[in-house]
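Following this message is one structure expressed as structure tokens.
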Amino acid sequence: MRVLVVNSNTSEAITQSIAAVATAAASSGTIILPRTAEYGPRYISSRAEATVAALATVEAIAAAGDQVDAAVIAAFVDPGLAACRELFSFPIVGVAEAAMITSLFYGGRFAIVTTGPRVVPVFEDLAATYGVAGRLAAIEAIEDRDIDPAGHPDHAADALAAVGARCIERHFAEVIVLGGAPLAGLRDRVQARLPVPVLDGVSCGVRMAEALVGLKIPKARAGSYAHPGRRAMVGLSEPLAALFERAP
Amino acid sequence: MRVLVVNSNTSEAITQSIAAVATAAASSGTIILPRTAEYGPRYISSRAEATVAALATVEAIAAAGDQVDAAVIAAFVDPGLAACRELFSFPIVGVAEAAMITSLFYGGRFAIVTTGPRVVPVFEDLAATYGVAGRLAAIEAIEDRDIDPAGHPDHAADALAAVGARCIERHFAEVIVLGGAPLAGLRDRVQARLPVPVLDGVSCGVRMAEALVGLKIPKARAGSYAHPGRRAMVGLSEPLAALFERAP
Amino acid sequence: MRVLVVNSNTSEAITQSIAAVATAAASSGTIILPRTAEYGPRYISSRAEATVAALATVEAIAAAGDQVDAAVIAAFVDPGLAACRELFSFPIVGVAEAAMITSLFYGGRFAIVTTGPRVVPVFEDLAATYGVAGRLAAIEAIEDRDIDPAGHPDHAADALAAVGARCIERHFAEVIVLGGAPLAGLRDRVQARLPVPVLDGVSCGVRMAEALVGLKIPKARAGSYAHPGRRAMVGLSEPLAALFERAP
Amino acid sequence: MRVLVVNSNTSEAITQSIAAVATAAASSGTIILPRTAEYGPRYISSRAEATVAALATVEAIAAAGDQVDAAVIAAFVDPGLAACRELFSFPIVGVAEAAMITSLFYGGRFAIVTTGPRVVPVFEDLAATYGVAGRLAAIEAIEDRDIDPAGHPDHAADALAAVGARCIERHFAEVIVLGGAPLAGLRDRVQARLPVPVLDGVSCGVRMAEALVGLKIPKARAGSYAHPGRRAMVGLSEPLAALFERAP
Amino acid sequence: MRVLVVNSNTSEAITQSIAAVATAAASSGTIILPRTAEYGPRYISSRAEATVAALATVEAIAAAGDQVDAAVIAAFVDPGLAACRELFSFPIVGVAEAAMITSLFYGGRFAIVTTGPRVVPVFEDLAATYGVAGRLAAIEAIEDRDIDPAGHPDHAADALAAVGARCIERHFAEVIVLGGAPLAGLRDRVQARLPVPVLDGVSCGVRMAEALVGLKIPKARAGSYAHPGRRAMVGLSEPLAALFERAP
Amino acid sequence: MRVLVVNSNTSEAITQSIAAVATAAASSGTIILPRTAEYGPRYISSRAEATVAALATVEAIAAAGDQVDAAVIAAFVDPGLAACRELFSFPIVGVAEAAMITSLFYGGRFAIVTTGPRVVPVFEDLAATYGVAGRLAAIEAIEDRDIDPAGHPDHAADALAAVGARCIERHFAEVIVLGGAPLAGLRDRVQARLPVPVLDGVSCGVRMAEALVGLKIPKARAGSYAHPGRRAMVGLSEPLAALFERAP
């Protein structure tokens, strides 16, 4: 099975760290194909950047061709997720979506711990969009935004575990979700510091993508997630235009 | 007051019809500046097209420069609304948002009547995103999708009023919202056929934009709708890159 | 355009302060007609007082006659709003309603800051009634209830801004609503102290009333907001009885 | 135990029918004290009439003096309920509230059957206000509004049972609530026609009032349902003014 | 009237304390029949124990025979409530359900105070199941779990009242519910310490059961709470099997 | 990987059909261990039966010992799910839960099609319990309850697809979930008849169980899903008692 993992950010270093987590999380028969968005933000932290990244993610998946069995969108705002779900015939999973939905299987409410207050309302909206807001206990950001997950992972894990512990104690969170693709590599460390399940979106995204591929469910041919059909478009790049010109 | 009205679709004919409605709806001192997206779908009817149109809308507003007092995004999925609200310092209003929110002032639940079943779940999600799902009575699509609002307006109004009447009778809708920017010109005709308020997003968008300009509220300098600040971006067009390079 | 602004409290001093805010907020062509309820509470701070004020508000608007284009109910529990919307043919806007609904256009969740804990549950119920509870981040009351908005406005603004700041930091409020008609005159001062939009109901009410008048939407002839029709009533004052005797 | 049953409508005939149901429903030791509002609508079917009836209901309970152990507000929009709960020290129960809340004990969702479409949105709002909207399956009105519960009870019961059956079949209602105080006398007849519990607000109101009296819970001295305290009021009738002048 | 009060815990001491509260709360004509579950947990504090207790409760009520008019399930997770409601023809009330639902009559939001954090999410789920989550202000647990309601009631009441006061101040709770059947005997003491109504499930359960008996509503013959009908079962005890073999 | 699949019904024929679906759905390295509950209902169709089956399911999983990596509870009301999640250290998945949660990855709202109206409210409650009620479009039951999935699968698939089509058209369902473990074997046939994804809980349950095992998340040591700890129990069977006597 070939699972495309698209870093919607344009930072290669983040792609490497995501790819490492994805590879470690994958089943033995799964090949992880990492890919970096060709344009857009270095690191998404606003809806404006996500709007750019959404289109870049669509293009990145289109550029990967049909030789993939599933794609994971690896930025914690899942840019372009709904568009990709309409346009491509293989399963598409976002890492925020995957982590939140997977958390439901552990029972109780989940909390998201993340690195800055600005994205808190954005993540709240995502939980509502995915229909799981009723299972969201809290979203909390660490105060020190300058953590360095790659360079000083223990320090970063300490900071995340501290707010995670607060979510458990004050908000009765029963699962902690790491809110940010670059945080995925810290899961084991944060888990070691907390008494409830800790989830990262990249691992959940890969395992959920594998499960969906295994279920062999055909793509919708009706409804709002069917391919939009041959649509007249103006001024698009060649491959993007091609996506909209396919007969459904 | 100068109100930019952006048609997020690339069809000039739709721009003309929207501009006519906007001009008719505006206060005497308001100048309507119509503008058409430079690339993207002829007419948005899927999330995939909306993803393209979102970026095209951001670019269209950026291209209009700072000589505007407010902007109305005139496509009924409000593409790029949140991104524009972050990036620009003047008020931004989407026509779907404007119609749904304005409906709240008439009391009771609103229904949306539209031209095809595919967008029904998309509009439902919008109502939830805007926080007004509890006031949404129903969304219903006419069966004959080939109505021609410009060419045969009475026939189109008949069709829309018929489903509107069903929303009133079965779902106790107390306001009817026309779900589609090209339908805005039919408001008077549909109103003449129905016993409850009928709203179009373009008129509501213009009047709400005027009201927001009049309130003179400064743009947020904190929170998730503040300007994202100087952000590193890769491969963007010049004006789009400039938007992200402004010091907040 | 003539906009009636009814102070549902019987305090003339409050009427004066509301009228000043309303006049400052109105468009150049708008004439503000202030009016004070003829009986009822000096200052509403309970549902019991609001029940009296509701009827007093209906009577005040009836007494103003048909020479108005819209009415704004200027007490932050919007007493009599639904009744007036049924009985009168011109647009009716409540200041609590106007502030909460206008806040939706700025994006994200709003918080209400107010002067005493007793009204907090009342305002919560209002937000639910208006269908915007999902966008309500928090309601917080200042501890010092003896602020004097007219006499010591800077001290009052300090107190309100302090709880507003707490709503921004702890509850991620992205808009602050001043919860109380007598607080409306403090908007500029509170705004100067906070980094997100600050709204007062009186200004929002006037601007929203103007927008609704501009939209020229006819009154509902069906549904629960239509005029109730000729209804037999017992023991009412002459003008109130007349309101119910109109043929719809 | 003395339970005041206030007909918020000014129709004596309705008072008689309500009193009969209340007396039949009461425990052996309970004395039912019927009372008719002294002014206001003959029969409430709009929010505007309910606004008048709310104040009339407060005055009716005040006029009954302190020689009662509880009061039931017997009009299906519960006019004045919240105000009375603040002002009086004995338990106050509304018949709509009582029927909806009692229905929760039978399991599953309840439906309300009533006599005209106009009140459907009003009853929906009530269910939301009482916090039980999630248990509301449907509200349906009979088509023939000219039923005569007193004169032709079997015909009326047939009509109500028919829409009740539709609620059971289509909306999986597990309890049927009769939406209207004048319908209370039809409960046995409607029950005989339907396979699920049928509730009328008057019987539920009386039994719930008895239960609350039995629990001997003191009135709140804090929060938004405490007595508002000595409040300055203008132009009120003597007894109404007295209610607001009591030291809390 | 004979009201069975089943202690779903197997502790006789708890049964005694519950019986004392139930007897004190009951009307003069009501006979309280206490009964202890024959197997299962000493004191339920997890869903796993509640699963055992659910079946033990069904069996305990079955063993009591048909000589009862109603049954109250007296453990604050209401084990087996829905099953019993299907199987028995007399009213069944759970104490958690009764306290939460009764609280609705006092207005505003209720809070639950309890003895350990583990049950907080369980009680939250119960409130959602009963459809009253929108009226739940907070659930708070005392820190000292080793309170001894029977032996040191004043100390226990102090601890509960302290968290209750916090719920009133921070979360605007307007009613306090004691979350735990063994806490029921502390109601008067906690009430003496708090300015809002304090409810215990046992008293509420008994009074609500009496009210339901008084209403004389027949058991559902359709829907999901009707008797499941003659169902083939394997390996059940004699009396339990008999319950499922009754023709509906 | 060894995945226990427990049929909570006591019918061996259903176990065989579930095992066949589970085996077909599993990854190549997964061994499916089918097991039938030792006591309880032949086929669960009420909450009362589910209450018995819940305990039987706990006992069945306990009897299987620790030689399993995960367990799937294969009855569409997921009897005993929460209890098992507390008691066992390996992942537990219910088939209703698995199907509903998996559906979230396909976008839009899901509908459940099932075989009788009685379980419709039960399934609605389950969706709410799992926090996904906002994504539930409808639950519809076929009229002919005497379908024979094993004997006449095409006829059964026709009936299920017919109501599924209605859910798609009327309620805009974008995924169809087969509501009943015995229906799982019909998935391919129903899928062939419908244009949107069709999910069965058994396949989803197995694939989700595999994914959870793959994620290697440790069991909660805190919160309401931790093992309840050594608890005093009375009158339990040996193995059940042992489950509660384990030190956590």
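As written, the chains take the letters A, B, C, D, E and F, and residue 1 is the first residue of each chain.
Everything below uses one rule, namely that contacts are C-beta pairs under 8 Å (C-beta built on N, C-alpha and C of every residue); 3 or more make two chains touch, one makes a residue touch a chain.
Owing to the predicted nature of the structure, the values given are computational and were not obtained by experimental measurement.
Asker: Give the fewest steps needed to get from subunit A to subunit E, where each step moves from one chain to a chain it touches.
Answerer: 1
Asker: Suppose you hop from subunit B to any chain it touches, then on again the same way; how many hops at least until you reach subunit E?
Answerer: When the steps are counted carefully, the minimum from subunit B to subunit E is 2.
Asker: With chain centres set to the mean of the C-alpha atoms, which chain is at the far end from subunit B?
Answerer: Result for max centroid distance from subunit B is chain E.
Asker: Report back the single chain whose CA centre is most distant from the CA centre of subunit C.
Answerer: Here the answer is chain F, farthest from subunit C.
Asker: Which of these, E-F, A-F or A-E, gives back the C-D interface, meaning over half of its contact pairs coincide by residue number?
Answerer: E-F
Asker: Indicate the whole-number Å distance between the mean C-alpha point of subunit C and the mean C-alpha point of subunit F.
Answerer: So the centre of subunit C lies 51 Å away from the centre of subunit F.
Asker: Take the average of all CA coordinates in subunit A, do the same for subunit B, and state the distance between these two points in whole angstrom.
Answerer: 29
Asker: For subunit C versus subunit E, what separation do you get between their C-alpha means, in angstrom?
Answerer: 43
Asker: For subunit A, write out the residues touching at least two other chains, lowest number first.
Answerer: Counting only residues that touch two or more other chains, subunit A contributes 82, 108, 120-121, 172, 174, 223-224, 226.
Asker: Mind listing each pair of touching chains for me?
Answerer: Touching chain pairs, listed by label, come out as A-B, A-C, A-E, A-F, B-C, B-D, B-F, C-D, C-E, D-E, D-F, E-F.
Asker: Provide the residue numbers of subunit F that touch subunit A in the complex, in ascending order.
Answerer: 25, 27, 82, 85, 91, 93, 97, 101-102, 104-108, 130-135, 168, 172-174, 191, 195-199, 203-204, 207-208, 210-212, 214-215, 217-226
Asker: Going by the contact rule at the top, pick out the subunit A residues touching subunit E in the complex.
Answerer: By the definition above, subunit A touches subunit E via 108-109, 172, 174.
Asker: Going by the contact rule set out above, which residues of subunit E touch subunit F in the complex?
Answerer: Touching subunit F: residues 10, 38-43, 45-52, 54-55, 58, 80, 82-84, 86-87, 118-122, 125, 128-129, 223-224, 226, 228, 231-236, 240, 243-244 of subunit E.
Asker: Where on subunit A is subunit C touching in the complex?
Answerer: Residues of subunit A touching subunit C: 117, 120-121, 124.
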